[in-house]
Amino acid sequence: SHHLGTPLTEEQIAPWDIDVGPDGRGLPAGSGDVAMGAHVFASKCAACHGAAGQGLIGDALVGGRGTLASNKPKRTVGSYWPYATTLFDYIRRAMPFNAPQSLSADEVYALSAYLLNQNGIVPPGTILDKDSLPKVIMPNRDGFVPDSRPGKL
Amino acid sequence: SHHLGTPLTEEQIAPWDIDVGPDGRGLPAGSGDVAMGAHVFASKCAACHGAAGQGLIGDALVGGRGTLASNKPKRTVGSYWPYATTLFDYIRRAMPFNAPQSLSADEVYALSAYLLNQNGIVPPGTILDKDSLPKVIMPNRDGFVPDSRPGKL
Amino acid sequence: MGIGAFAAAQASAAELLAPLKVEPWSTTPGAPILEHPYGVPSLFEKGVVRRAAKAWPLPGAASSMTPLADLFGSITPNGLVYERHHAGVPDIDPAQHRLAVHGLVSAPKLFTMDDILRLPSESRIHFIECSGNTGGEWNGPSGMPVQLTHGLLSCCEWTGVRLSTLLDEVNGAVGKARWILAEGSDAAAMTRSLPLDRIIDRAMIVYAQNGERLRPENGYPLRLIVPGFEGNTHVKWLRRLKLVDAPLETREETSKYTNLLADGTARKFVFEMDAKSVITRPSPGHKLTTHGYYPISGLAWSGRGTIRRVEVSTDGGASWRNARMETSPRERALTRFEADWQWNGGPAAILSRATDSTGYVQPTREALVSARGLNSQYHYNAIQQWRVDANGDVRNA
Amino acid sequence: MGIGAFAAAQASAAELLAPLKVEPWSTTPGAPILEHPYGVPSLFEKGVVRRAAKAWPLPGAASSMTPLADLFGSITPNGLVYERHHAGVPDIDPAQHRLAVHGLVSAPKLFTMDDILRLPSESRIHFIECSGNTGGEWNGPSGMPVQLTHGLLSCCEWTGVRLSTLLDEVNGAVGKARWILAEGSDAAAMTRSLPLDRIIDRAMIVYAQNGERLRPENGYPLRLIVPGFEGNTHVKWLRRLKLVDAPLETREETSKYTNLLADGTARKFVFEMDAKSVITRPSPGHKLTTHGYYPISGLAWSGRGTIRRVEVSTDGGASWRNARMETSPRERALTRFEADWQWNGGPAAILSRATDSTGYVQPTREALVSARGLNSQYHYNAIQQWRVDANGDVRNA
């Protein structure tokens, strides 16, 4: 070691330590439900992703189930994403596109609940928090395989 | 060969073929004397090199004889240059600084005569042309040695 | 001159047989020193710029491409390195920038740029290729010129600190540290999980490219370089490295940068860019002017090692011959190749095929499609063909 | 950031111990792609520019210097390559530009740029150093920073045609062809005579540098490269190559670029740049901020081959140790070296010394002066020392 850099504590790194693992590690306190999610989505997301998340200048966030093996696959949160936790992680860090990292934890839980419900993955009454979100099983959870290269094209 | 490029004749290259060798090869027809040289120098050169060629924003062109081994060597046409032909070659291609290649052969011969006379190398009545210019022996003609590297610093 | 080194109006015979003119630039002094304290290309080169393949709805989440048809050698000049951003190019004050290294490490630490610059450094020439490069050819010839088919590709000399050196500074990894999460400080907070043992020997945290500090669009002031891995993993504007036991399954390694196969399953964590090559001159937009000799010039590269061989065909793949290496082959770097060709004025189909130091041979499109189907998006590295018409036009067909 | 990577205001302890801030560039999208179709450096790097050592009376006949203290690795970005012009930078239309090859050759020819681009090409990384570089140190430490002492030095990947390939095109030299005259089409019609047998294997006629067409100030559209020879021989804006039996004794090889010895005689045709090195970081203008580890980083090069070894001293030359090679040593190219150093806060004198593949060891100033006197002007390649004061200032003293 060259004795460079300053020791860093958990408290200091907290504002940057926003990653969420598939097992839920990193999820904050707070909660949100589908109805609140619908409300936030309409005001902060629909302009880019469409009123129902069907896609506009931003990606489609719903639909596409059963299309992955077709010649017109539609990859969405519902049809393609293996983990629900990725939704929380990504919305918190990167959305809304024009103001990332501006949403509260409650809002992000609510938006996750709303989008999962729109995709028919959770029922309308769902409330998500750090315990329930990682338990959501995504339809394409087992749809991924490891890289077969080198060896097979 | 890849059969690229266009054959080139002596006539075609002539406008670019302006180099002059120490034996006089490449010198054009024409002639000029010290008096004409003084006249051209005053109007086209003195502003940068001084009224008598003593140097200003352009290099000093006269003086410096006997200084080369001193701790204040003054390298000029008179004290340093090994060949008079270089004067013709360089003035024609590069001077006056603001309008290179604008002088006639007569003017360049005359300027060469003038600068050689100012340096005490040729007498005031000198007329230079392609035969006489290469015959001028410069004071530092034998002042150059080959590179002794590698082997000696 | 922009696209068309070969397309430049040919001088007429009369012009070539007339006495040479003393050009105006030989008779009038030119511009002074420091006209441009930081230099710029000739005005006659104003067509040599990055371009986008389409009008992006949100140009902050978009890409622009390197003008390969107009470039030479193996280095990409910094001003022409391709761009791929997910939330635009931040203007980062290097005095405010920090890199945090934490998670499963003995002594988590925060580094200023000054700290990073004080660590032992290394400079290496490596290509970066977006795994989406050439994705437009999955369905067959797109008709596009090489800038738009292969231009998500650049190669620079990168200077910075080895990842292993930085990990020493935090007294090493601890516990079950097997992966590393790299995060950018841009407005996308771009995040990728990377397998530690596969990158530890060569990943670098870099602050300079081609001799000077990184350009803003290439990650200024700090970026991760993972030689040979897909471009997106070379996280720009790097603010955080976290050692973890398992991948985070971020959006950029699940929703995107996964490769959907014909059966509906998708490959995940597809990192290395396999061997690939492309002819850049002549290429679509160039025009052959006269019959006779033409060098066929192009680029070859492999994310798994060095380029061992490049073959060229001018008859649509019926016969092949070895190309010369025009630059020294370097590990995980672009290599310029060149092959001789006499164009007799007939139609031709020119192709190149790379073999890397692992023995891997660049596949045909047919082989790729039969292994991966048509929905795979990323990692398209098939042999590329350009057609030369009898009139000298070159087309992607 | 301009000079002073090490001089950047150090973050305060309080700032480093506070919770990390989410910076504004993480919460607001950045600039779109193609904000700069041809990219430019960060605004925070605006101090990294070429500079002149003095106010030149006629800035068309002048030089500007590369900011070595702020650079990394071995490549010089095109915008920062040093300038040396004798009549300014011409704006040459490449469609009008011609290269004539004539004199003692079988078949004199005129080449358009299109012709040259159609010949087989080669790309090589080579330094160019003006033989006047570091001339200000003949009389002892000048007090100047490294940009102004050693900045007439750059290194690029050059692409073009070998001189031997071009001579094949004119069916070779004939008769007593022993020298070649190279002439520029600038307003100085810069002209040098070069010994054919010493350059034929490696001289190139180049049209590209670091991947793109030459910059105007570096000879656009065509320049001669004579790897290892003094910079002035790499004739820019090349319009004519004439094979001759003997040197032309031009002004640039008699009045200038000759080396006056103490006895009043002068060496002529002094071409190769001998092995040399210099520490660029820390160097004058940098400031050491805290005690502890510093890498000593610098450049080494030789016009006669590759760099075999660089030694560094931190005690004024009393003891030496080997530096690491930070970039792969390449023939007649800049090599970046780095050595470890623990600065204990006391005054120090740091030096570097290069040895090349011929076994030549970079000399001391004393040795150079005793061999050549003080009037030699060009080819100064002595060991350079920087003093580090107890307060961290670095000075050329």
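When the chains are written out, they are named A, B, C and D in that same order, and each has its own residue count from 1.
Basically, contacts are C-beta pairs under 8 Å (C-beta built on N, C-alpha and C of every residue); 3 or more make two chains touch, one makes a residue touch a chain.
On a predicted model such as this, the values are computed, not experimentally measured, just so you know.
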item	value
B-C against B-D, pair bridged by the larger set of C-beta contacts	B-D
Cα-centroid distance, subunit B relative to subunit C, in whole angstrom	52
Inter-centroid spacing, subunit C versus subunit A (mean Cα positions, whole Å)	30
Inter-centroid spacing, subunit B versus subunit A (mean Cα positions, whole Å)	79
Multi-partner residues of subunit C (each touching 2 or more other chains)	16, 20, 26-29, 60, 87, 100, 110, 118-120, 187, 189, 239, 293
Set of subunit B residues in contact with two or more other chains	2, 4, 6, 12-13, 16, 97, 100-101
All pairs of touching chains, each written as two labels joined by a dash	A-C, A-D, B-C, B-D, C-D
Residues on subunit A engaged by subunit C in the complex (per definition of touch)	1-2, 4-9, 12-13, 16-22, 48, 57-58, 68-69, 71, 73, 75, 77, 80-83, 85-86, 89-90, 93-94, 97, 100-101, 143-150, 152-153
In the complex, subunit D residues that touch subunit C	1, 5-6, 8-11, 16, 20, 23, 25-45, 48-52, 56, 59-60, 62-64, 70-81, 83, 85, 87-96, 98, 100, 110, 112-114, 117-124, 157-159, 185-187, 189, 207-208, 210-217, 220-221, 237, 239, 289, 293-295, 297, 324, 326-327, 336, 338, 340
Residues of subunit D touching subunit B in the complex	57-58, 60-61, 86-87, 100-102, 107-111, 115, 118-120, 168-171, 181, 183, 187-189, 191, 239-240, 242, 244, 246, 248-251, 254-255, 258, 260-272, 274, 304, 358, 360, 363, 367-368, 371-372, 374-375
Touch list for subunit B against partner subunit C, complex	2-4, 6, 11-16, 97-102
Residues of subunit D touching subunit A in the complex	16-22, 26-29, 292-293
